[in-house]
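I have placed the structure first, in the form of structure tokens, so that the comments after it can refer back to it.
Per-chain residue numbering starts at 1, and chain names A, B, C, D and E are given in the order in which the chains are listed.
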Amino acid sequence: MTSEPNDGSGNRPHRSVINSAAYSNGVRVADIPIADLGDAWKHSDRFLWVGLHEPTEKVLLHIQQAFGLHDLAVEDAHNAHQRPKLEVYDDCVFVIIRTVKLSDRENQRIEFGETHVFLGPRYVVTVRHGSPHSHVGVRARCESTPNLLAKGEGFVLHAVMDFIVDQYFPVIDALEAELDELEVQIFSGKLMRSVTARIYHLRRDLLAIKQAISPLIEVSSRLARSNSQLISDDARPYFQDVHDHVVRIADLIDSLQQLSQTALESNLALISVGQNDDTKRLAAWAAMLAVPTMIAGLYGMNFKYMPETQWVWGYPVSLGIMLVSCLILYQWFRKLGWL
Amino acid sequence: MTSEPNDGSGNRPHRSVINSAAYSNGVRVADIPIADLGDAWKHSDRFLWVGLHEPTEKVLLHIQQAFGLHDLAVEDAHNAHQRPKLEVYDDCVFVIIRTVKLSDRENQRIEFGETHVFLGPRYVVTVRHGSPHSHVGVRARCESTPNLLAKGEGFVLHAVMDFIVDQYFPVIDALEAELDELEVQIFSGKLMRSVTARIYHLRRDLLAIKQAISPLIEVSSRLARSNSQLISDDARPYFQDVHDHVVRIADLIDSLQQLSQTALESNLALISVGQNDDTKRLAAWAAMLAVPTMIAGLYGMNFKYMPETQWVWGYPVSLGIMLVSCLILYQWFRKLGWL
Amino acid sequence: MTSEPNDGSGNRPHRSVINSAAYSNGVRVADIPIADLGDAWKHSDRFLWVGLHEPTEKVLLHIQQAFGLHDLAVEDAHNAHQRPKLEVYDDCVFVIIRTVKLSDRENQRIEFGETHVFLGPRYVVTVRHGSPHSHVGVRARCESTPNLLAKGEGFVLHAVMDFIVDQYFPVIDALEAELDELEVQIFSGKLMRSVTARIYHLRRDLLAIKQAISPLIEVSSRLARSNSQLISDDARPYFQDVHDHVVRIADLIDSLQQLSQTALESNLALISVGQNDDTKRLAAWAAMLAVPTMIAGLYGMNFKYMPETQWVWGYPVSLGIMLVSCLILYQWFRKLGWL
Amino acid sequence: MTSEPNDGSGNRPHRSVINSAAYSNGVRVADIPIADLGDAWKHSDRFLWVGLHEPTEKVLLHIQQAFGLHDLAVEDAHNAHQRPKLEVYDDCVFVIIRTVKLSDRENQRIEFGETHVFLGPRYVVTVRHGSPHSHVGVRARCESTPNLLAKGEGFVLHAVMDFIVDQYFPVIDALEAELDELEVQIFSGKLMRSVTARIYHLRRDLLAIKQAISPLIEVSSRLARSNSQLISDDARPYFQDVHDHVVRIADLIDSLQQLSQTALESNLALISVGQNDDTKRLAAWAAMLAVPTMIAGLYGMNFKYMPETQWVWGYPVSLGIMLVSCLILYQWFRKLGWL
Amino acid sequence: MTSEPNDGSGNRPHRSVINSAAYSNGVRVADIPIADLGDAWKHSDRFLWVGLHEPTEKVLLHIQQAFGLHDLAVEDAHNAHQRPKLEVYDDCVFVIIRTVKLSDRENQRIEFGETHVFLGPRYVVTVRHGSPHSHVGVRARCESTPNLLAKGEGFVLHAVMDFIVDQYFPVIDALEAELDELEVQIFSGKLMRSVTARIYHLRRDLLAIKQAISPLIEVSSRLARSNSQLISDDARPYFQDVHDHVVRIADLIDSLQQLSQTALESNLALISVGQNDDTKRLAAWAAMLAVPTMIAGLYGMNFKYMPETQWVWGYPVSLGIMLVSCLILYQWFRKLGWL
């Protein structure tokens, strides 16, 4: 195993090469330094599996020379922020997949990354960009089933894709949970300013995931129908399985997008209803202030002959009338549902 | 008939195997224990039909070994929550369909389930997940028409699909009835907070059904155009018939989705109209309080020379003026339609 | 002509068989009882045209046996509420078309019906469901042009389809007129509660028609490109003509759907504008009450030294000030367009 | 040149036949009466170009007999209000195009018309319906370039289509200008009732043009890829050019449709903002009336011991307090942006 | 290098011909005057690369005659405002691409231009319209890698397209930054009139870019799959790379369009919420004025027997009651979140 020097920009030493091993009959037989990959590939029939993480240009150059990769694919592999795609060159398949992960960070739900895979006769190179899960687990799982690994390169590509696609499900579950929570808030009757912002951010996340997953529909479908010698006939159902998962994820996102749109519109309707309710409540209280004010105004008039004003009980009776009229109004508004 | 031991998680004993029988010329001739299915299939030309319900892994393993099913299909059959699909392997057709049922439960209109069907030469295995209707009725109906059943595996698949697809219609009828009821409420002139929530939940149900039914359009269409030996030529019009039903269901859902969207928007418009009506009503009553208040204010002024205040009839006349002006206002607002 | 006994459910005797006649060289030569259709078809080269209206099962059985129709098609023909479609069997074409008619009934603009057509060598059977127009006119028109009728079965199918499709135009004209009327109301400046409900019902009608007509696009297109011997080469331009009409109807509906959506949104905007106008008008009147109330309040203060209150003209002058300030406000609100 | 008698319905004599001429090597050699077209076409190799305007049935019959046109095409040519289309018969191409023109009339921005073209070996017949521009200019332009005209029928069709399609651009420019003007009004801060109606009518116009132009995309594309002998190989790039223009027009309309939708929604948002602004302004003025009213109310109380009421300066000081509190409120609302 | 005389319309002398050079083995060997291009092309095997900027008709005529270009393409090249397209003539490929640039001008974010490319055997002609970046950089970069330039015409076309497409990214970044800024404003809780206008203009810009980039998806895809001899096999992956970029740009725009739509709707919802908040705040203050006014009204009544009015402490106590009730209301509204 070769450890490349750190790029120097970070504090933690960065390891470009995570793994570089040769397999024979599905069993790991040797670690191959990056510089020796070319010889190892040409002069033996062992299967090579190299795992890189944000590799330096130097490492990529070694890889390119070892397996004779196309300039453009190597250039892509060096730059993240590519669109998921499948590129078929003469003797090499190049796949880009976007990876997702629920984020621990504040203000961000999802972290995106990218995995690029070069697949050729007797070699697989995976290049990982961004923080999401390492593929160490994939390698360990593959190594624990040597008979599958012995079936060749196609199965490694499948294992990596399957692993990455499965990571979408918890993310979508989290977004579904978020929408369920928003539903409760929207229909709770309380008007919350934050709901609109949360729906907006949910929709932004859904759009981002959709852009990551939709190109995979075609990629996985092409792999399942591929004529390439690199994908053996019995590997195709497995890619079809990946394809089914991708389509299901796309379906779920589609559904969430439509539901969140309806939620946004329902929210708007309920804001209006809530506004109306508030207006009515205000009006009811205003009426209960206005009626005594009017009655008081009456007895504030300066007519010479106002019999009530001369009565001993005039004042308390007028107060009583005010109180009673307020109570009647209160009951009435109660019945109308305004209070 | 074999009865598998309960999985142990529930209280009620759970039967994995509902039915496992051999048919000859469309007539049930024997019940075959799960463990003997492989022999029964290989060493006789009788047709085998196995019905499972949320089977244990052990049962599925028996089935897989008996008929040599593909790993991936068996894995799918064990896990529910798959997308409806049709998978064609060399000598086996694997179909997943989602089933629906009107729910008795509070707060939930629709229950979803899944039925997976393995169809091969001289055998059909149906695996049911979730609570909706058992297929016992399908088997009974098939057994009552031996001549159809004698036509082979394809007809059993058709019978199961036809049965499941027909269960969508009452569900859609229920949603249509719900929308009709909502229409009445929306246009009744009363502002109901619950209407928005009900439209939202209607739309959520429609989305869920749409996701269950739309993949069936392609599944049924592929079965109707299939070249597989498992689907005989004279079975194809029957799958075309299923296809027509599926397309009609999809059409109905589409229509309900668009109508419910319009209902949501109409609701929003009518909430605004209702708000306006309330504002006007409030304003009318406010005016009828404000006018006497103003008149009372006039006669509350402390001018030395206010002839009216000295009149004996000043007070009752002023009260009369207030009353009359209120009545005039009332009539006027009435005419304007504000009250 | 055979008259089938009434089904018994209605008050009016119901005639299943409207017409059942044989044609030779485009000329009607005999009426054939339903029971004799099979013989008449097999043992002569005359062309048979049968017209049914909501036939009993017994009548359909006669027809099926006479021409050897497929079970599924006959089952469809017995049940209305099918989706328009074209089914091609070995030697028979089965077409379902939905018919429309402007309704006389209260609360319903459009009545839908269905016409099913069986077309085979030397026979056409039309089965009509629902109330819309009978096809008697079609038969009469066909019989008046024997040379066209002599061209064969395809031309009869065309005549029926052309007749049914042409019935869509007056319905769409009525919906267009409705939208024009709604436009006038929306932009008239008056706020009408009923407008929203009418747009909603217009959109519901449009959706229903769209569902009836859109499957016909493919049906008519397939007939125009058909290789079936039943549709002769020179009949194809005629089906292309039907296809053009269907596409035009679909276009018109599409356009009405989009316009009515815009109308719904414009309505919403104008409701808000109207609300604002009302608020301003109310505020203006409130101000004209509040100003005199405030002035009256001033002179209601009990200060010992308020010179105005001692003046002889104090009271009328204060009333004058109130009046003048109200007039000034009135003019001002007028200028602002609030009144 | 033949002049057909007027149909009699209008006041101005109506000329069905605008032009009917024979061309040899691209040069006009003779005017041919309608009645002689058949002979002229059969017995010479000259190219015939006939221009009709809302022809009578008699004229169309002459034309049909002369060139052996299909019944359905002639029927179409007699009735306007067809959908743009391209119909290919054995030896004749029939094209329908909708024409547009900016209208001079009040309350209508756009006038639509139709041009039908019959194109066969050595003849072109154009039939114009509705008022928009005559094709006299097209003929003049073609006659001025005999070498192009000599290339045959296809070039005449191209010239007509190019001319008609180019007429769409000024109409779209006018609609763009209308939207620009609406933008200014929407964002000007003034609330105008008319804006909503104008957006609605703009959208109606856009829909009408879209329906006129979109079928042309396929028509022009089919002409550019046509295998018909009537369209020579070197004419195809010219139809491709027409196709490019049509697609560009469709693009522009699409863009205007989306922008006008956004404008409608922005308008709605700004109506709400405007409403809020008005409410705040009203509230500010209401507060400035309510504060003095309350203070006046205080000093209207009849307590025996209210020292202020006994002061000589009590009254002016209270007025001063009212004035100052109003000024403070005014400044404060100013700062808040409510006034 | 030939310098054409200025067109005369501008103040600055305008150079139609930016560059006109011959290359041999990827190295610039000579500058060729426009008038000599035809000879240079026919009588040598050197590769010619001509760069024009808003060329005069005379210059274009020279070019057309030199390389035998099609009339229509030359006509297009003279007029800007074309839709991006790829036209394949017998021995020439004609490409139109729209260019974008962030604008320095006030009130305009983006400037559009057009680049037309003629590509034939051993020649490339680029015609630039509008202000955006010159291609001098492209030429310089190509000249610095003679080995790539030596590969032929296809690589020059790729270099130009790659350069133009890369210019879209900073523009989209700017629009993304604008949307991020708008998000902050929308959810800041402050109601800003300008936000709606800014979303509108953002959406207008997005539509304009979308119209510029979407036709490129097909153009670049066709170039990547092209069979033309002008595009060599090893050039295709490079066009596929351009295609990937174009699709990614289209994806980003799509995403921004959907997000900005959601932003518009969220803005609308928050305007309503804000309106409601303002209404509540107003109502709270109104209540705090109305309560003392009512109390003052009470003690303004002229009853003979009102014990409080006779008390020495009556006045200050009543003031205290008013103050306390206001404070209680203030606290209460505070708790309700209305203030």
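Following the convention adopted for this analysis, a contact is a pair of C-beta atoms (placed from the backbone, for glycine too) under 8 Å apart; a residue touches a chain by one contact, two chains touch by 3 or more.
Values in this document were obtained by computation on a predicted structure and should not be read as measured data.
Number of steps on the shortest path from subunit A to subunit C, with steps defined by chain touch: 2.
Subunit B maps onto subunit D through a rotation of 145°, based on Cα atoms and reported in steps of 5.
Spacing of subunit D relative to subunit E, judged by their CA centroids, is 27 angstrom. Centre-to-centre separation of subunit B and subunit E, using mean CA positions: 43 Å.
Subunit B has residues 265, 268, 272, 275, 279, 286, 290, 293, 297, 300-302, 306 in contact with two or more other chains. On subunit B, the positions that touch subunit A within their shared complex are 70, 72, 82-83, 85, 87, 89, 191, 193, 196-197, 199-200, 203-204, 207-208, 211, 264-265, 267-268, 271-272, 274-275, 278-279, 282, 285-286, 289-290, 292-293, 296-297, 299-302, 306, 308-315, 318-319.
Residues of subunit B that touch subunit C in their complex: 183, 186-187, 189, 237-238, 240-241, 244, 247-248, 251, 255, 258-259, 262-263, 265-266, 268-270, 272-273, 275-276, 279-280, 283, 286-287, 290-291, 293-294, 297-298, 300-306.
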